[in-house]
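Chains: A, B, C and D, in written order; residue numbering restarts at 1 for each.
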Amino acid sequence: MKPFARIILFLCAVMMLTATVDLPDWADPGSPASTHLSPGFIEQGYHETATPNVVTAVLADYRSYDTLFESVVVFAASLVVMLVLRRTSTGTSRIKHFRPKREGRDTILRGAAQSIIPVMQIFALYVLFHGHYSPGGGFQGGVIFGASFILLSLCYSLKFAMQRFKEKMVLICCACGALLYAGIGAVCLAMGWNFLGYAGLAGLLGVTDVMARSHGILAVEAGVGITVMAVMVSLYYDLASGGDMEEGL
Amino acid sequence: MFPVSFYQIAPVIALCASLLAVPLIAVSGRHPNLREFWTFAAAALKFAMVLSLTGWILAGNVITVDLINVLPDISIQLRVDSFGMVFALVSSFLWIAAALYTVGYMRGLAEHAQTRFFVCFALSLCATIGVAFSGNLLTMYLFYEMLSLSTYPLVAHHQDREGRGGARKYLTFLLGGSVGMVLPAMIILFSLSGNLDFADNIYGGIIPQGTGNLLVTILFVAFLFGFAKNGIMPMHAWLPGAMVAPTPVSALLHAVAVVKVGVFCTARVMLYIFGIDVMDELNLGVAAAYIVSFTIVTASIIALTKDNLKARLAYSTISQLSYIILGVALLTPSAVQGGLIHIVNHAFAKITLFFCAGAIYVASRKKNISEMSGLGRVMPFTFGAFALASLSMIGAPPVGGFITKWYLLVGALDAGQTAIILVLLASTMLNVAYFGPVTYKAFFGKPNDSISENPKIKEAPLIMLVPIVAAAIISVLLGIFPHIMMQFVRMVTT
Amino acid sequence: MDEFFFFIVAKYNYWASLILLFIGLYGMIAKNNLMKKIIGMVIFQTAILIFFVSIGVKWGASVPIIRFFPDKQPLLDATAYANPLPHVLILTAIVVGVAVLGVALAILQNIQRIHGTIEEDEILEDMRK
Amino acid sequence: MMDQTPVFIIAIPLFASLLLTLIGPLGPRVAYGLLIGALSLSLGASLATMVRVVQTGQAIHYYMGDWLPPMGIELVIDHLSAAVLVMIGVCALLSGIYSMHTAGQDNHDRLNNYYALFSLLVTGLLGMASAGDVFNLYVLLEISALASYGLLARGGGKAYFATFKYLVMGTIGACFYLLGVGYIYIMTGSLNMADLADILSRESLQESVSIRIGFTLIILGIWTKMALFPLHAWLPNAYSRAGTATACLIAPLMTKVSVYIMLRMMFTVFSADYIFNQIAWSSLVIYMASAAVVLGMITAFAQRDMRKMLTYIIVAEIGYMTGGAWLANTAGYTGAVYHILADGLMTLSLFMAVGAIIYRTGDTSANAMQGIFRRMPITAAVFLIGAASIVGIPPTCGFFSKWYLLQGAVQAGAWIFVAALLIAGLMAAIIFFRLLEAAFFGNLDDEGLSVGHSAPHSGTGAVQMREAPLTMLVPLAVAGAALLGLGIYTNEVVTYLIRWSVPAGF
């Protein structure tokens, strides 16, 4: 089977590599991808959404339906991992043997963590909320925020981190972030616009349609951020402890 | 006469009478008398409906009723014409007789699962009428399959190894034929002609001009053998296997419902789908005639070797069925008439024979011919009826079978097929050879000890005897007054 | 030869990502260790991400964040910015990849717990018992 | 203002899924009620959409976020997607109702999370069926895939390894799809299906190698997802080891929706002309489909475990649909689409019937069927109808899909496919006949044993009737009736839904 797979893969690779003849050159400004839709996004995006970061505008507005499901994907992942792994302590876990014992001997680590975690969290918020003007946004911010909890758990212990950010709370955050996103879509719907048509928020916020879109983007990015942060933490809790929440890495 | 709208409803009522009886029979399983009442009520209603249509049909009308449009181009359509009418009359009448007999038989032997039995019985009759009244090939196929499935529990009724084996074989052949051959042939036909409605007369058919000869031949073969219920060799093997069923089932299977449906379908397809002209042009008729001739002779020879009465009757059925197809395949009007009238004649004669076999079994628990020596003296009515029905099988006047033979021979002469005439004569001889001894031994043979010493053996119960005698008498009447049914058959060929 | 060389160079992004892709695919199909399969899967996914993101590059273009002239007027010239759409797409694809990776690891942990190994042949043997 | 119904189809189960995770403490009854409510509302929205599509005869375009395509994402609900949406809605609702007992049995704790995934899976499937954007389709594909991994892995034990294999294959499939989309995007610069179709029909792209590779990758990815022979190896293990409630949801829907995506890609994004004249793999694919049909049935025949048998039948059914789609004529296409609907219902009713039997007997092998007709008459009757449908006996819907497929195969002259279909029909007849015979008569040798087994608490008669609980029985009966109903109303389905979606060029 293996040689067979090798040959097939090799042939596929040769075929696909030779077929690159047809593809546009690297960084060709005249390639279809660069001339069909992207000029539209670049040239209209700012006027329509008041968001200089075109990626954010496309992500959270033009293709916000994708992004909604993107946050739902991570939400689904945390649910799946929890359903697969999570069980109340059953005693014999083979993973446990390989874990180092940590009994308060890592003062430097903890000190570093103490000083770095607040900065991380602030930075995460910055990345999240500055997504309109610079690279960043909900995903990036959420991941950084989540990483701060993971760091906490690594330097102290899983239990310590779980006291700060309870498992139940993590799950609620997972759902609430996505719910915030979808809820904004639903509010737009209720205001007589299409689902996720942020211009519908204009009446509520008392701003123009364009600014409403900008605010809408911010709100959904916040939702994404919450979900991603919680999912990161949730995945870590489950995977690191093997599902019994007794001890992390 | 009735208002015209009645004729639109009557076929549907005839079709649904037994279908409606199914839930009624099923829920009154605890009250046998009520249950049997529903059976009889449905049978009577069905027969009355069919009977009420006769006048209208004889006046030259054809009734078509569209039930449901299942596919954009095809609907489930009922069509009552003289051809279907022949079959519907026979089967709906014989249901009454069979039901009467079945009650006697089942109660006489205290069989298990009688409710299931009657439910399936009613279902299969619904399917039979459906086939008789179907207006296109799809409808016919639908009811054909329904019949296969609803008779399966009947064949497997005893639930022992033998019964289930027989039933398995039964279903294998029938489904194999229908799914494996008829279905693709039907679809090819539909692709060719764009519809599946039967033609208006037996000459034109619906196969469009210019279809390749080979394709038409393949279709013809697929239909001929695909309707495995018609018992043409080598698709006949299910029939002896299905012999394990209770005798009323055998009677139903071999005389009324199953095999007749097979033959009816084959004849319907040959006459109304291919049409005489096409079959004549491609010599398909002659080919089919020779194929069934082989079946006639071979099955008769095998019948000679069987000692079990029901097995002998089964092979006799195989051979007799081929008469019907033979008649149609000869393509001359007389032969076609002879073939079609044989549906009626054979039905009444064969059901008599099976009823007799069942009566003998109920009265004496005997299955083999060799053990029946002298039994005729104890059971004169049964064996009298048996003798009359045998005569019909043989084709001796004044019983119905004679009419068949007459028309078939005339048709074969018209067609100039000397070989077929010889086959018919040989078959008659063989019929004599395997039916003669049964009656002869029963009346004139020396009773063996088990019969003479057992005072318990006497005539079967009255409820069984009445249908036997009635069927036998009708067999005779069909021979004496052939025109009653012949008028339908003549309409087919004009 | 020169032509071939230029051909490679002009399209090296595809070459790089496709080679990476097949390395990953090979790992997924041929490796016996399930962890290695997962690593192959990640390489495979990453290759596709590289493939996608390389579409967005344009000569002479910068990140797709609108720049402003000193008079606060935005510069809205499509040639000045990279194509934003591939970035959006891979951002989604990355997240999907992470989600799948998490699920795969979780299932793998349970496989290890139940079968006591993450070698495929040993697992199959264990299941046959 | 647009008609907002299309978005409700997807948004309602999505919201339900998010809410379900939050309401854990309220208990399983609330979770169940929320799930059923959401699925029914979603089904209602699907039905309303279908009615509108049929009435107007035009596809509904719903612009997400009020952005016009191709820049924004749109939902497109045409006749084909409307039919598939309703099929998904019906199957999901029925299996949702059915899951009351079995899901609780498999998930003592975290039932609400299980149901959240359940709802999420349905969201993904509904989203795929209504997607008008190829990348959006990918995201939804992954959502439903992720949810299905989680649900399948809940089977525990051996299910983990099977799910892992499924995960690997599923990821390969989805990534191939994504890579294909990448190729198409490079060459066209668009992601919207209608826009893509427009661009791809240009003369210059017809000959393009990259487009061809993109198409190949997409199709290969979808085939992996839908387990077309020889890429089917993951399916039987993954599906047969899942819990009953999961199997009832996933088995009928996942592969069918993949087939739908294949049709979408073939005929909406690309064109019939491109596929059958430029790519021209038809004969190869039909060979593959025929092999899938025959080998699937043969392998199913060899199984003792009922659910495994059914999963191999799914493999065979995939062959039916693929073959029909690649026959390149109207009848074949009609057959393929009709079979998506029919097979969804068939598989659902069979899995539910088997699930009910397993629920009552605790036995997954064919022995469990013994005497079922007497003990669980309704379950057995639905099983019978489902079996008849797979075999192709009128008037069940399976007959009519086979009718169209055979007709298409005959017209296309694909005799190998005709033969495969017929052989498969006969094989299926044998497979189900074995089970039904046992179900009808009980086993010969140990009749008493099987009867005694069925009566844990003493009854009056020798045979104790012990049907499945009502929440299982009602969906079963509905599914059985739907099989007959769909068969009887084939004409309407074909005339009002499928005919409209027949691609140009046939």
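One rule holds in what follows: contacts are C-beta pairs under 8 Å (C-beta built on N, C-alpha and C of every residue); 3 or more make two chains touch, one makes a residue touch a chain.
The structure displayed is predicted, hence computed values, not measured ones.
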Q: Sort the other chains by how far their Cα centres are from that of chain C and give me the top one.
A: B
Q | Central chain of the complex, centres being mean CA coordinates | A | D
(Q) From the mean C-alpha coordinate of chain C to that of chain D, what's the distance rounded to whole Å? (A) 30
Q) If you average the CA atoms of chain B and of chain C, how many Å lie between those two points? A) 71
Q: Can you check how far apart chain B and chain D are, centre to centre, with Cα atoms defining each centre and the answer in Å?
A: 43
Q: Can you check how far apart chain A and chain C are, centre to centre, with Cα atoms defining each centre and the answer in Å?
A: 16
Q. Which chain A residues touch at least two other chains?
A. 16, 20-21, 23, 31, 33-34, 37-38, 41, 63, 66, 70, 73, 76-77, 80, 84
**Q.** Sites on chain C at which at least two other chains make contact
**A.** 25, 55, 85-86, 92, 96, 99-100, 103, 107, 110
Q | Shared-contact residues (touching 2 or more other chains) in chain D | A | 135, 139, 142, 146, 149-150, 153, 160, 185-186, 191
Q: Could you please write down every pair of chains that are in touch?
A: A-C, A-D, B-D, C-D
Q) Taking the complex as given, what residues does chain C use to touch chain D? A) 21, 25, 28, 34, 37, 41, 44-45, 48, 51-52, 55, 85-86, 89, 92-93, 96, 99-100, 103-104, 107-108, 110-111, 114-115, 123, 127
Q.
Residue numbers of chain A touching chain C in their complex, please.
A. 2, 5-6, 9-10, 12-13, 16-17, 20-21, 23, 25-29, 31, 33-34, 37-39, 41-43, 45-47, 52-55, 57-59, 63, 66-67, 70-71, 73-74, 76-78, 80-81, 84-85, 93-95, 133-135, 139, 228, 235, 238-239, 242-243
Q. Which residues of chain D touch chain B in the complex?
A. 388, 391-395, 400, 402-403, 406-407, 410-411, 418, 422, 425-426, 429, 433, 437, 440-441, 444, 487-488, 490-491, 494-495, 499
Q. Where on chain A does chain D make contact in their complex?
A. 15-16, 19-24, 31-38, 40-41, 61-66, 69-70, 72-73, 75-77, 79-80, 82-84, 86, 171-172, 174-176, 178-179, 182, 185-186, 188-189, 192-199
Q: Quick one: which bits of chain D touch chain A in the complex? Just the residue numbers, please.
A: 1-2, 4, 7, 11, 14-15, 17-19, 21-22, 62-67, 70-73, 110, 113-114, 116-117, 120, 123, 127, 133, 135-136, 139-140, 142-143, 146-147, 149-150, 153-154, 160, 183, 185-191, 199, 208-210, 212-213
